[in-house]
Amino acid sequence: MSELDPPIAIVRDVVARALAEDLGTLGDLTSLAVVPAGARGRGALVARSPGVLAGSSAAREVFRQVDPTIEVRWGAVDGAAVAAADRLAHLEGPARSLLVAERTALNLLCHCSGVATLTRAFVDAVAGTATRIRDTRKTLPGLRALEKAAVRAGGGANHRESLSDAVLIKDNHLVHLTVRDAIERAREQWPGRVVEVECDSLEQVAEAKAAGPDLVLVDNMSPREVAEAVAVLSGVAPVEVSGRVTLETARSYAEAGADYLAVGAITHSAPALDIGLDFDHRTGD
Amino acid sequence: MSELDPPIAIVRDVVARALAEDLGTLGDLTSLAVVPAGARGRGALVARSPGVLAGSSAAREVFRQVDPTIEVRWGAVDGAAVAAADRLAHLEGPARSLLVAERTALNLLCHCSGVATLTRAFVDAVAGTATRIRDTRKTLPGLRALEKAAVRAGGGANHRESLSDAVLIKDNHLVHLTVRDAIERAREQWPGRVVEVECDSLEQVAEAKAAGPDLVLVDNMSPREVAEAVAVLSGVAPVEVSGRVTLETARSYAEAGADYLAVGAITHSAPALDIGLDFDHRTGD
Amino acid sequence: MSELDPPIAIVRDVVARALAEDLGTLGDLTSLAVVPAGARGRGALVARSPGVLAGSSAAREVFRQVDPTIEVRWGAVDGAAVAAADRLAHLEGPARSLLVAERTALNLLCHCSGVATLTRAFVDAVAGTATRIRDTRKTLPGLRALEKAAVRAGGGANHRESLSDAVLIKDNHLVHLTVRDAIERAREQWPGRVVEVECDSLEQVAEAKAAGPDLVLVDNMSPREVAEAVAVLSGVAPVEVSGRVTLETARSYAEAGADYLAVGAITHSAPALDIGLDFDHRTGD
Amino acid sequence: MSELDPPIAIVRDVVARALAEDLGTLGDLTSLAVVPAGARGRGALVARSPGVLAGSSAAREVFRQVDPTIEVRWGAVDGAAVAAADRLAHLEGPARSLLVAERTALNLLCHCSGVATLTRAFVDAVAGTATRIRDTRKTLPGLRALEKAAVRAGGGANHRESLSDAVLIKDNHLVHLTVRDAIERAREQWPGRVVEVECDSLEQVAEAKAAGPDLVLVDNMSPREVAEAVAVLSGVAPVEVSGRVTLETARSYAEAGADYLAVGAITHSAPALDIGLDFDHRTGD
Amino acid sequence: MSELDPPIAIVRDVVARALAEDLGTLGDLTSLAVVPAGARGRGALVARSPGVLAGSSAAREVFRQVDPTIEVRWGAVDGAAVAAADRLAHLEGPARSLLVAERTALNLLCHCSGVATLTRAFVDAVAGTATRIRDTRKTLPGLRALEKAAVRAGGGANHRESLSDAVLIKDNHLVHLTVRDAIERAREQWPGRVVEVECDSLEQVAEAKAAGPDLVLVDNMSPREVAEAVAVLSGVAPVEVSGRVTLETARSYAEAGADYLAVGAITHSAPALDIGLDFDHRTGD
Amino acid sequence: MSELDPPIAIVRDVVARALAEDLGTLGDLTSLAVVPAGARGRGALVARSPGVLAGSSAAREVFRQVDPTIEVRWGAVDGAAVAAADRLAHLEGPARSLLVAERTALNLLCHCSGVATLTRAFVDAVAGTATRIRDTRKTLPGLRALEKAAVRAGGGANHRESLSDAVLIKDNHLVHLTVRDAIERAREQWPGRVVEVECDSLEQVAEAKAAGPDLVLVDNMSPREVAEAVAVLSGVAPVEVSGRVTLETARSYAEAGADYLAVGAITHSAPALDIGLDFDHRTGD
């Protein structure tokens, strides 16, 4: 059990659904027709571009659910930087089983590694500062646990797992209350939980400061505004920046003193890392 | 029931899981603490960048499952091109319910619309040719039906839904058989189904031609090679191109005469379309 | 809620799975391509052979899950004898929805009605006697509740619903104990539950009698032997006959005085009743 | 993984549900009361009538889920013709576990083998012709994958797995379009997929021919009409016959030149094959 | 498989849900951060108060699902009386895995053992009489199978498992029928099943007696009234007492001659038995 | 949507499972046999002892799933103190539906109200102090969300929802690290989350203080020790007390200055609140 793995119960469930989705009602027509039942296969999961590996526990579970006799020997661990042509895992087992598992394992591995790779790019962009890259709740439905684990593999940190683990007060919540009253009610209702407040302007930051939040999320501000917010909130609450953070701007926000950069793109817009399964074709029956 | 919708049974299931994932064990701490139980809200789903809408049936189902009294009036339909600032839907209902549904609805809508938008870009790139853009099985686990519907909304077509609806013979299947024997066995085992063959070289194309497949998938060829393959296979089988198809190269492959371009990126690497929920803050209790 | 309906929670679940199975990942390709989105349809569920109706609550649930705007007006109720060409239900709604629901509704209706029809044949075969036809646990996996309801619709009665609602001691349980000891242990362990004993011979019947079971199941006996068993057990326990009961033999077993005839065939080997959906083709948009 | 097996993910799920259905809330009252916890049992799955075996992977999964220490040694494989009294499998393990698994394993095995047996009868009826027997979507809800595998075990072939893997245009779809327009729209909407057309008359066959379908399904025609349809469609599309195909008529349809006979009865009306579990009663503790 | 275990299929499902509930989306934050991945742990499940053990098969399944390499050696079996400080099981395995499994295993074990302990107290209260303690359908939703097994572990017996395994006619059912008619209809509709009747007064008992039920449930009577009811029903039907049965009153009801005491409190109000997991802290890596 | 309700998605799922569990395969034998199909019923949910209401959204969902035509008019809301004989809700609908829903609705309502009632007793015991009563992860598997909502209805507050929403470092985590190092690693790994530390002695409290936790959980200390811990940690971290908190001791811990009392008993050992469904027997058809 690694700190970079999603909970095993979720992995089992995601993989079972993914296999059902890809196998359909009849199974793998092609392998069943064309590959002899007794044939064995050997191959490797190979990176085709450089990136950061993630999702290996999900891929492992795919092979296990398809056929527990498939042997998988990993040559890399989640979080490792991989280069194009790196062999990530060696596979050996019944050829039909390997072919049936191939696409589902790769779909999971390529997506998770894509998330880890983009996360790492943001982490590298702020290297040398104390700023941490964090994810958001902007995840793909059904895949949040895997994506949040992949963010950790990329060196990022996890923000809220759901609506139910911290209070985050935004504009849209403040139609009927001041920030101060809102924080007070949140602390009363959910004592002992983190209360964050989103601010869109330095005026709101000042107002929030007075109300004593645990964290201030500044949205859509320039690095210069962020620096001011950080100064205002110094010693009061850490500052998280959201809204305009790209690979180009991340460093300037970090240098403005932000504690966290919240980046939705690392989960909702990460391109897949290109990984393939290369079969060793000399394998006989 | 639109031809751009995924099957409703799948939508119900995906949405139920997505809500469970986002609500956690306690629910939306913030709204429950800060927004009065009786408050009503009004707002709109608004595009923040241009693109193609998809996923509206999933978003509609989110609102329905959270609170059937939420009214949703769509101002755009799946497949429509939307501009930044376009109001896609008007929402009205209990404020807590709208806030609880917001993120899950947006996660589905932004992802599906992202898939549709990237698909449309490929479709536009080959506009004026007879070439169709098709998806692949490189989809995100659990979301295949929604992504394939989004591909249709973008103007693309769907390739296999699973391993079980057509035969696709690749290199990795041909360790023990010639192409001709493989096709024969596939037709024997699964009569009446489409049999496709993947070819990596013009030699393989010639060999495949002789074996009479229903479709030839040429992988990793240049547009010039594709043109040759198309010529060879003219009148025998349509030609699908995979492997190097990007927005830059798509047109040259189309002009080479390919019937289909198979593009994994439209499902596995589509960035989310930026859509938000803007609340109308003058709404009272 | 009729005594001929299966529990609604089971019906909902069976129907949701059946629809997912039949709709696949893309949906009904044909209707989506060929039938206009706004077209409406009208039609009827029509019996094509005579039989007994069952499964209407499952069919109704199919239409409801596919599209709650479909109107279904039943012209017959479960348990009713229907003649060829009888209109069982009138349907009206969006044409695509009717076509999507058609096969799943019919698969459920035809199977349940097949079970009811075969059950009724057995019931009719023993008409005028006090003998009741009962089902067994030989049901199709996942469909037990629907089949047992269909047995009731046919006029039969339900035997055990599962291994957990009554004790039924067979030969295979008696390797280590006498019948008497077995019954005693069953009464000790599960007080207040029905304890049945299976007997393959008149000697066993005598032995069972002494042990005081609640019911004796005589297996593979001739009607003459059954008559003897009934005489022996008179005033002690009712007698259920299993093992050679066919439509031809049922009456002679009934006339031998059996209280129940247990017939596995009514659930595991009932041919579907032929029911179809006839569309009224003059329906316009 | 055999080409005669259903996908393992589906088998796992069907078996888990079947066991939950048969075990109820308390478990097997009888074995728990009457059979000592430590007792071991030995026995065999034995055919009681001749037929074709199918469903062995499902039966194997039942034993595995009930108790992985049960040893099962198969003496026959799916697709094998078995004679009455043939021992299909040898079983050994804890006696309670064998008794708990017995009925669920048999229910699956008897139904699947029944489907395979009836399929084989149709296959034998057309032996020596080039005609293939095919199944339909008239399957028992929840059991489609197992039934379609059993059809293959019987020597039949699988038609559509769901509404989503091929287009099949019937009368009911043609209220608003000509056949030609319908086929065109289907090819436009779902390019690369098989498009079939159902015809009820030779006039429709002629009309369909002109429209270029991939397969023509002729419904409710006499063998003589089928022969005409085959002649008309020669070189254009294979012909599938549905609607009046029985064991008696199958050969005449085959001799009329039909490529496929579509037989709903092999899945919806196949009587169970009689298979039992015989315990070896000399087994001690 | 012990007669004190719930069905394994239910245990697997309850445990999988319980783990998903306790692990959340990220997993055990604490262990993953603080305990080295390779660290091993050793410990024991230890009773902190005296009681009766139950739920061990559920606890075992928790450890298995979290990590099959965890070794569990039980020192006590379900149904055993345990003293404070008794070591119930020895555990050894990866430290993170033990910590992740700890709370879910204990929640199941403490609740089931609490049910068994309270059941045993009632059983002890009637010791020496022929009266049996029985449970009711007043169980905690989702946990009925586990609670009913725990009742057996405590020496109690199980009453109905669900609404579907016996008829129990109460006041509320008798708005439209006399008791006699109700019993007759129940026997007609559900032949061969146990028919119980609830009586609130001795008049009703007399009326019920005449109708010939299989069991009479007397509700809210004093021990003296119960003794009268027992006398009236002697030789006709056993008597079950419900409604005022407490640890204080149980014996007087037993001495009044009741066959069964139905006690809802043993499932709906049993306090957890205090059991903890003591780690052996000298364990190194 | 009330802050005292559990998330609706969880309620739907818990209720669906509870109904499946209670209805079995055949349904409510008694009502189906004895109550006429068309009969209507009227009644009330009535408290039989004083307490605090909780679980009404679950009970409402039971009636809705059984039969959406049942009308439920609540006379009390979750969190309200109710007296014996108070009518909590008025019910009207088909008599069979009411009888089918009765037990499942009551099982949920009585358990949740039991939790709320015991919580309120603890809350009342510390009335006038600033101390809050909090729950723990010692909940009944599958019912956590409902129990935590019931705790809120009783006036308590929720501690962790799962292992994944806050760090809580206990003895068992500190085999390999000092408290200071453990906190540091937790903050590094899960930045922005609450980090709590459990202390068993005042020495540990001093050590923890130096490490700067967000909350200190003091376990198994006397009120006097707690007062010292509170003094030591004043201005550093709030103090939560666990381990010896009973209704008798709660006030002395509160007066010692504890911020929170963590009480496992309110979820794992709360006796059900006695609530019944009284039918109005004059109701006709």
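As written, the chains take the letters A, B, C, D, E and F, and residue 1 is the first residue of each chain.
As a convention for this text, a contact is a pair of C-beta atoms (placed from the backbone, for glycine too) under 8 Å apart; a residue touches a chain by one contact, two chains touch by 3 or more.
Because the structure is a prediction, the values reported are computed rather than measured.
Both copies, chain C and chain E, contribute mostly matching positions to the interface they share, with over half of the numbers common to the two. Counting C-beta pairs in contact across D-F and across A-D shows that the higher total falls to A-D.
In terms of the distance between Cα centroids, chain E is separated most widely from B.
Seen from the C-alpha centroid of chain F, the farthest chain centroid is that of D. Averaged C-alpha coordinates put the centre of chain B at 43 Å from the centre of chain F. Chain geometry summary: the mean Cα position of chain B and that of chain D are 33 Å apart. Contact with two or more other chains is made by residues 3, 7, 21, 23-27, 31-33, 100, 144, 158, 161-162, 164-166, 189-190, 193 of chain E.
If you sketch which chains touch which, every chain touches every other chain without exception. On chain C, the positions that touch chain D within their shared complex are 14-15, 17-18, 21-36, 39, 41, 95, 99-100, 103-104, 106-108, 110-111, 114, 137-144, 161-177, 182, 185-186, 188-190, 193, 264-265, 268-269, 271-272, 277, 279, 281, 283, 285. Of all residues in chain E, those touching chain D in their complex are 1-3, 5-10, 13, 144-145, 148-149, 158, 161-162, 165. Looking at the complex, you find that chain C touches chain A at residues 21, 24-25. Every residue of chain E that touches chain C in the complex is listed here, in rising order: 3, 7, 132, 134, 157-159, 161, 164-166, 189-194, 215, 238, 240, 259-260.
Chain D makes touch with chain E in their complex at residues 16, 19-20, 23-27, 31-33, 37, 65-67, 94, 96-97, 100.
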